[in-house]
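Letters A, B, C and D name the chains as they come in the text, with residue numbers starting at 1 for each one.
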């Protein structure tokens, strides 16, 4: 039976975050093997794919939307993905990434790239994608179907969500698996 | 002073006035003063000094409170014995002198008075404002001559408290501060409450922007308010009253302070009022700039010298008010209607207005209207009559777009509802409220989302911060409205805004939060197209909003909006 | 002590006369969320989470400030109330900088727990990200305004139980901040008795013991009931 | 506070300060040191001293036997009380509905630009304090404002700026509107 079922196309994306959520995903350990018998990882930092593919079933998006590039990618993810999951607190709430929101962007870039030794900032050289005035959680940019909080989300939580989705069940996490932080 | 003395004083003063050949009433309220009333008065005083010994005593100049059509000030009313009164508008010092000289010489003046059937006056019914513009508010004797404190005397000597409450109930008087709660019922509640002490509070914390009815009443006829409070005190069994005046109204506070002192000196307030066994003291409290203090529980905490934050009701003030004692709290205009009701009877008052909204209501008519000013009309008068007959329509050929009533708690009534009778229920049915009586006429250059944003900013700023929905909800609603008016809104923002409006309306602790979403919901209802034009077509139909921001999702195409460091080197 | 009967969620139950509706509801084992309420302190009705539907009342009423009445018919949970509670929590999170991941009270925070319990999994409103300070001038304690939800338990416990009234609130509306004395650094406060009650009753990481790192600050509020019972019911005889 | 007063002016200042304190004491006595009268006392204090600094708030709190944080909370709750010294001129622009729809916002924007300050603050050179008020209740004069207490109706950005520039600086911080 299992053979005839089409494998789920799973993607992961790393926006403005520390990659800790991806580390936690790897901490699924042997459960990963189980998962990958049911799903193909088609895009993300863990696989070698240059372009976000079309027709993705599930996408775990780590990190907040911090710059124009993130925003563009988020739009692209939305058009090509059935279930978009805010993966971890930065995607869900902005979290640590959004702590820069209290500082005006110009001051921020000044402090990072100008007040130290480098004379010309990458922003001026158009190396860095333009920063948004405020870091926003993913759902304020695109519609998000599921929220998987935690900093990082515990592997248990990730497993519970992915298992349910792969089985085609509703995701219903207990309260203690829904906490931020 | 007893009631006989009072009547004697009144009659004496009436006689004195009747003997005068010419009485000049000059409107000395703020709008007329700023239009030059003081210069007119100086000129008239100078003219008096020039008169000979015979003429001078036959003439009197009275600096009065507001006469109504403030946009036509300075206003001068001429009263000669046996002749109809004349009102002159936009009076200059020269004009005034000419008018008076002509009157003294029994000639017709060069200046034309307002026609006697001038609709601004003809369409009004004056009850609360009946003395406005006819007395010097700083002269208690003027008020007494027009019957002040005679109702109080009658009540104290001829009626039981229960009868007074009944009379008010039968008159159908409802709270004029906006809530429209039956006044008699409230009085009865406080009367029946068992307590060692009770209080009466007059709410003069008129905070709605665009409303100045209470200011005018307090400035133009302070004794009227004090008398109403004293009658309420007798009816409810209170011996202490407070009148809370908005901090922005120093003149009203000063006039009330003087009025209280004058009334006490004559035994009309204080111990053994008018030789009865009733004691009633009134203290003045001056606010310090907080809109939320118009809410009755917040007002009471402010009277007690604390942060003006509301407390959940129930218990209502009638049960637990100032310092935990039963407290009657009514609006200034409500109190101003009391003495005439007691004088003329409940049936007389109930003869005005509509089935459910009896009597009259004072409105501050302003905005894009030819005759702006203070008016008093019967409940149920149509909005069209108010704006076009009394107000004289819009200036410069402007088109009526909406009338804003109820300030930040109300809404904008569009042109197709101009024939709505103005009463509590009808306005509520339109998603607005009667409010305290500000009525602002808007033409096609007013943008409704912008107006909604204006009120939301007001509410955000005035929120006391006690409850979460109001404290945070108002700023989040403002954020969404800002996006709509700056061009960065997206379609779904409208839904988020509406949901938030309902939350704040239903879960806020006090009236401020409960009604803060009204201007948004109401304009969304009647002017949804305008919101959509902003969001979908990036267009402000009224031409007010700049719409120079880009919606978030379109930013990748407009990255220049974000680029901070230009290549300057 | 007289007993009254009322209907809660369709069940006829009894309660002590004079009891608050919140207590009556919780006595039935029903969990009703609260943030500003704390047993032993005066009620405030500010967080609006314990709003319930009472038959005959046009508006939702806060259970904490409502006295349970004979014959009351109360609904504590329905779709609308649940939705509103979630929205109110969203607003609370949006107001200040609640970065749970780096908070001293992570995993021991009433706000964080309530969000999970009520299923508030994301905030639709703009995070306001105000610029707020941390005051660690006090020898033993610190206050982080980024985490403060203005429940004012600190103000009340300091006034009502400790009797110092060191805390109060300055300004109003969205600009409200808790302050000590004349808005001076806490460490300079002349009225503070350093008793630490405010820290213990604070539901979030806004007030904390100095030296605590992420997730280390656990509050204990049981002391309050014990002190008050001891005092009021003269359980502590000397 | 870079100004170093000479001994003589220091004594003058001191005695004027004492005089003001006496006025405040009178107000305190008049209300019989009742805590409920806090707002009245703060009104008097502000009229007397121009603003409520920490020293005054502390004094009031001691005299009325109220906790300092309580006094500070009340003083900052109400818009009328200011904890900062006011400028030579105080311009209060009405932002009520009638004034708003008739362009009060433009007036504020223009003053902010001309005098380089934000509404609710005082210019760096102390020449002007700009305040936006909720509604001054003179809607028929819209847009209206008060400059050092005097009512100016039907204003434009130009007329307001001209009025501020033309008004000589007053020595008294508070306008005596009532007597």
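As a convention for this text, contacts are C-beta pairs under 8 Å (C-beta built on N, C-alpha and C of every residue); 3 or more make two chains touch, one makes a residue touch a chain.
Predicted, not measured: the structure shown is a model, and the values here were computed from it.
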item	value
Chain pair, B-C or C-D, that carries the greater number of C-beta contacts	B-C
Centroid spacing, where centroids are CA-atom means, of subunit B and subunit C in whole angstrom	39
Between subunit C and subunit D, centroid-to-centroid distance (C-alpha), Å	37
Inter-chain centre distance, subunit B versus subunit D - centres from mean C-alpha coordinates, in Å	26
Separation of mean Cα positions, subunit C and subunit A [Å, integer]	34
Residues of subunit A touching at least two other chains	136, 140
Shared-contact residues (touching 2 or more other chains) in subunit C	124, 126, 169, 171-172
Contacts with two or more other chains, residues of subunit D listed in rising order	73, 77
Touching pairs among all chains present in the structure	A-B, A-C, B-C, B-D, C-D
Contact footprint of subunit B on subunit D as seen in their complex	35-40, 42-43, 73-74, 77-81, 95-102, 133-142, 144, 151-153, 177-179
Subunit B - residues contacting subunit A, complex	552-553, 555-556, 559, 562-569
Subunit A to subunit B touching residues, read off their complex	68, 71-72, 75, 105-106, 109, 120-121, 123-124, 129-133, 136, 140-142
Residue numbers on subunit B that touch subunit C, as the complex places them	290, 292, 307, 311-312, 314, 460-469, 471-476, 479, 496, 499-500, 503, 506-509, 514
Sites on subunit D touched by subunit C in the complex	54, 57-58, 61, 67-73, 76-77
